[in-house]
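Letters A, B and C mark the chains as written, and numbering starts fresh at 1 in each.
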Amino acid sequence: MAGGITFTAVDSTKLATAEIFGRTIAELGAENPNIVCISPDLATSTKMADFLAKYPERFYNVGIAEQNMIGIAAGMAKSGLIPFASCFSVFASLRALDQVHTDVCYQNVNVKIIGTHGGTSFGQAGSTHHAIEDIGVIRPLVNMTVIVPADGIETANAVKAAAATPGPFYIRINRGFDNVVYSTPDYGFKVGKAVVMNEGTDLTIIACGSCVYQAMQAASMLKHDQGLSIRVLNMHTIKPIDREAVLAAVKETRKIITVEDHTVIGGLGSAVAEVVVEGGKACAFRKLGLQDKWSAIGLHEDLLAMHEIDAEGIVKNVLEVMKMDFEADEDWGDEV
Amino acid sequence: MAKEVKITQSDLYAARIFFYAAIPLLKVICESEPKFGDKFIGKNFVFQISALYDKAEGGKFATHFVVEDGKWTTHVGAIHEKPDVEFEFSDLKKFIIFFTGKGMPLPKIKGILKLGILVPVLMALLRMAGLMQAKDKPEKFEDQIMLCKLYLYLIPNGMSQLNKLGHPDVKAVTGISPDRAYALIIEGYPELQSWIRMKAGKTMSGRGEYKRCKPFLAMKFKNPSLALDILMSKADMVQYIREENLFVDGAPEFGGTVGNLMFTVAYYALGTYLDEEK
Amino acid sequence: MALSKKEWFELETFAADLRDLTIDTVNWAGSGHWGGSSSSADIVTLIYRKFAKFDPKNPEDPDRDRVVVSKGHVGILLAPLFSLLGLIEKEQLKTFNLTGSKLGIHLDSNKVKGLDSSTGSLGHGSSLALGMALAGALKGQTYKTFLVLGDGECDEGSVWEAAMATSHFAKRGGKNVITIVDRNHNMIDGNTEDVMALEPFADKWKAFGFETVVVNGHDIPALAEAIERAYKGDGDKPYCIIADTIKGEGVSFAAGNYKWHYGALNEEKYNTAKADLAAFRAKRLERVNKEGK
């Protein structure tokens, strides 16, 4: 990839994830004059201000009109630009879905959608502003790549990868600050390739977004308190999903828990389940996330706990799944 | 000497390892080495090793092999009523002393006239004893491989036998274990692998690659010779790990657990406990 | 600049050929959107044969004028059009709507060379056209982007989101969008004014900041004059031409009949349609002969 991302862990603790996106896109804008930004009255919220300040002629505020934003982006991409269209994940995925479907994905154009305020990260705004179905809604769209970065540095990596890769991308980031997962951008981020955060053989936790940090905390607690060996995968790319990593988790650990700040229908858990089932090898399996219900209003951290997708909730579920039997209780004879 | 022989719990552990894990290796010898195995082609017979023990069902412990045209089937812990050839020890202690190599209390040999069976069986038994009771690593490479195979097939099975007999030290490990496997692997030799799987107090052992999942911990030896250094207690495990002759794949903090289980098996199989009883 | 008689004659002939080939394609396909296709035939003829900088031999020229036909259900008009322009083999039209064909009700820009955008879901074309225009202006290109809207389609809110933005971004490229609404007054369930009233339609476009004109969409010289004005683009506002048309124009049993939004032809109806179109061609050419200069 051209150019270096200049963020470090120190920066990333000081910057909200969207701010890191904003800085990254401003840096990319310097490298590539075809990059433009579009926002539906959210330049401030989605932190495109840096880009706007540097390249006002390449910034378009379309007012509160997400459908129009996506349609314009598709038209721009048809004419050789690389538009980054950013708005709240819930509106990018639901309000503008028809445009994302037909104008962007059907035509397979080079539009990058940055969905902010992902999951329940805008907790206090309530369900009108929570994006708990976006992955499930966007994931089936043909040609679309779906990425849910774990933190600010991974967001920068994802945005750079999206700019460098032709075709539609949906990148879902959170409102506010993310717990720092990566201290350096050079950890081998590759679209479609899960990152092994922790090696283990007793069970695999497959997480995305803010849940990656929680899963790592959970794995650490489980190791120290229970002596369990937990593999943690950061499945930052939901589509195309890393089938190899999922199948290895089935084969090698035989127990999988998925964790996402999203409904358990259609998101990461479903994507992983599809691979597991097609793999033809049984495993104990549980999906953590919103269990087909609306979230309460509250602080993001509190909501993660309510939905058992924080470290404590993950620990509780891991201990339950460790006891789950999925195989016939075989003959425990010894080979002679 | 009084006829009354005192059988201890340790004797029972040792006997269990021999009847269930060690004696079955005779079949491994015959299957791996044509020099011994080919002698049984075209032959059909039952061979049994037993030791009298009045508290056992049927009055003795036994393991027997059914050989059909040179093809061996093992029946561990099972008495055959009419074996063609049988080595019967008059008591369990003698059986253990014989198999630990701590003495030569000869068994009663039934079917001694069936030389066509007896001779090749004795040869195979001597081959096994020669390899396993040697103090030093064999020089010939084929012998090293064979001995590795015998050790690897014996150790996890021995652990599993102790568990099944309720050995407290072993139970302490297996009882709290999630579904996990521990494997012994000599790299580059697919048949030189074995494993024990444990789950909430239950165990099973097997040979070759563990296929159910990735072993929780695998001790991977670089080659057969280096493996024997460790298995025969000729080298320091920690040093070998440092020198990368042995790679512990998985939770390193559990390396000690496996080591302890291996020592427990050796404690009975080598008859160390007998020395302590004296 | 008025059309010369020769040019008018050529345009009329092309439009008549296009209507003929369209009804043939409807016949081959067994059915099709004849209504909205016939009402747009003169509009697309003028765009592609008179105004758009578009060379069928170089359909991906980055400096070409763009055309977005937002009423995407007229694939059965556009495919014959592209065939007459030499971009699609005539034989291929016979596969229209057949399983595995590259051509279907709504054309796919990834399968049809020269088609600037896939459309089909109504109300999308306006934003797409605006995006193309903004991109051209940013890159210092001077191309225009033609946008053909259906009138019924203007029920969609997204049309007005884009209309607002086209005016708002007039100086940044929005002005290079030339909007032509095919005002054929009919939609699937009936007359636009019965289903969802559009009038005062021109006022709406004016209120959204467009230089708006209403012309007869089947009067080639009048429509040409309106498009010429829009193409020249005096003033600060983007242009909207409301082309007053007849749905089903040229075929007696379909003209003005909302039920002919989409329909099937049998042999009798096809023969009638062909005869009607021949008469319609003659009538239109007669006018050229009479009024052309």
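FYI, a residue touches a chain if its C-beta (ideal position, glycine included) is under 8 Å from a C-beta of that chain, and two chains touch if they have at least 3 such contacts.
Since this is a predicted model, take the numbers as computed values, not measurements.
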Considering only chains other than chain A, in their present positions, which groups are joined through touching? B | C
Inter-chain pair with the most contacting C-beta pairs: A-C
Measuring centre to centre, with centres taken as mean CA positions, what chain is farthest from chain C? B
Central chain, going by Cα centroids? A
Between chain C and chain B, distance of the C-alpha-averaged centres to the nearest whole Å: 87
Take the average of all CA coordinates in chain A, do the same for chain C, and state the distance between these two points in whole angstrom. 42
When the C-alpha atoms of chain A and chain B are each averaged to a single point, how far apart are the two points in Å? 52
Residues of chain A touching chain B in their complex? 201-202, 227-229, 251-254, 322, 330-336
Considering the complex alone, what residue numbers of chain C touch chain A? 62, 66, 68, 108-110, 116-121, 124, 126-136, 138-139, 157-158, 161-162, 164-165, 168-169, 172
Across the complex, what residues on chain A touch chain C? 36, 57-58, 60, 62-63, 65, 67-81, 83, 98-99, 101-103, 106-108
Residues of chain B touching chain A in the complex: 20-21, 24, 27, 74, 76, 157, 160-161, 178-180, 202-207, 212-216, 250-251, 253
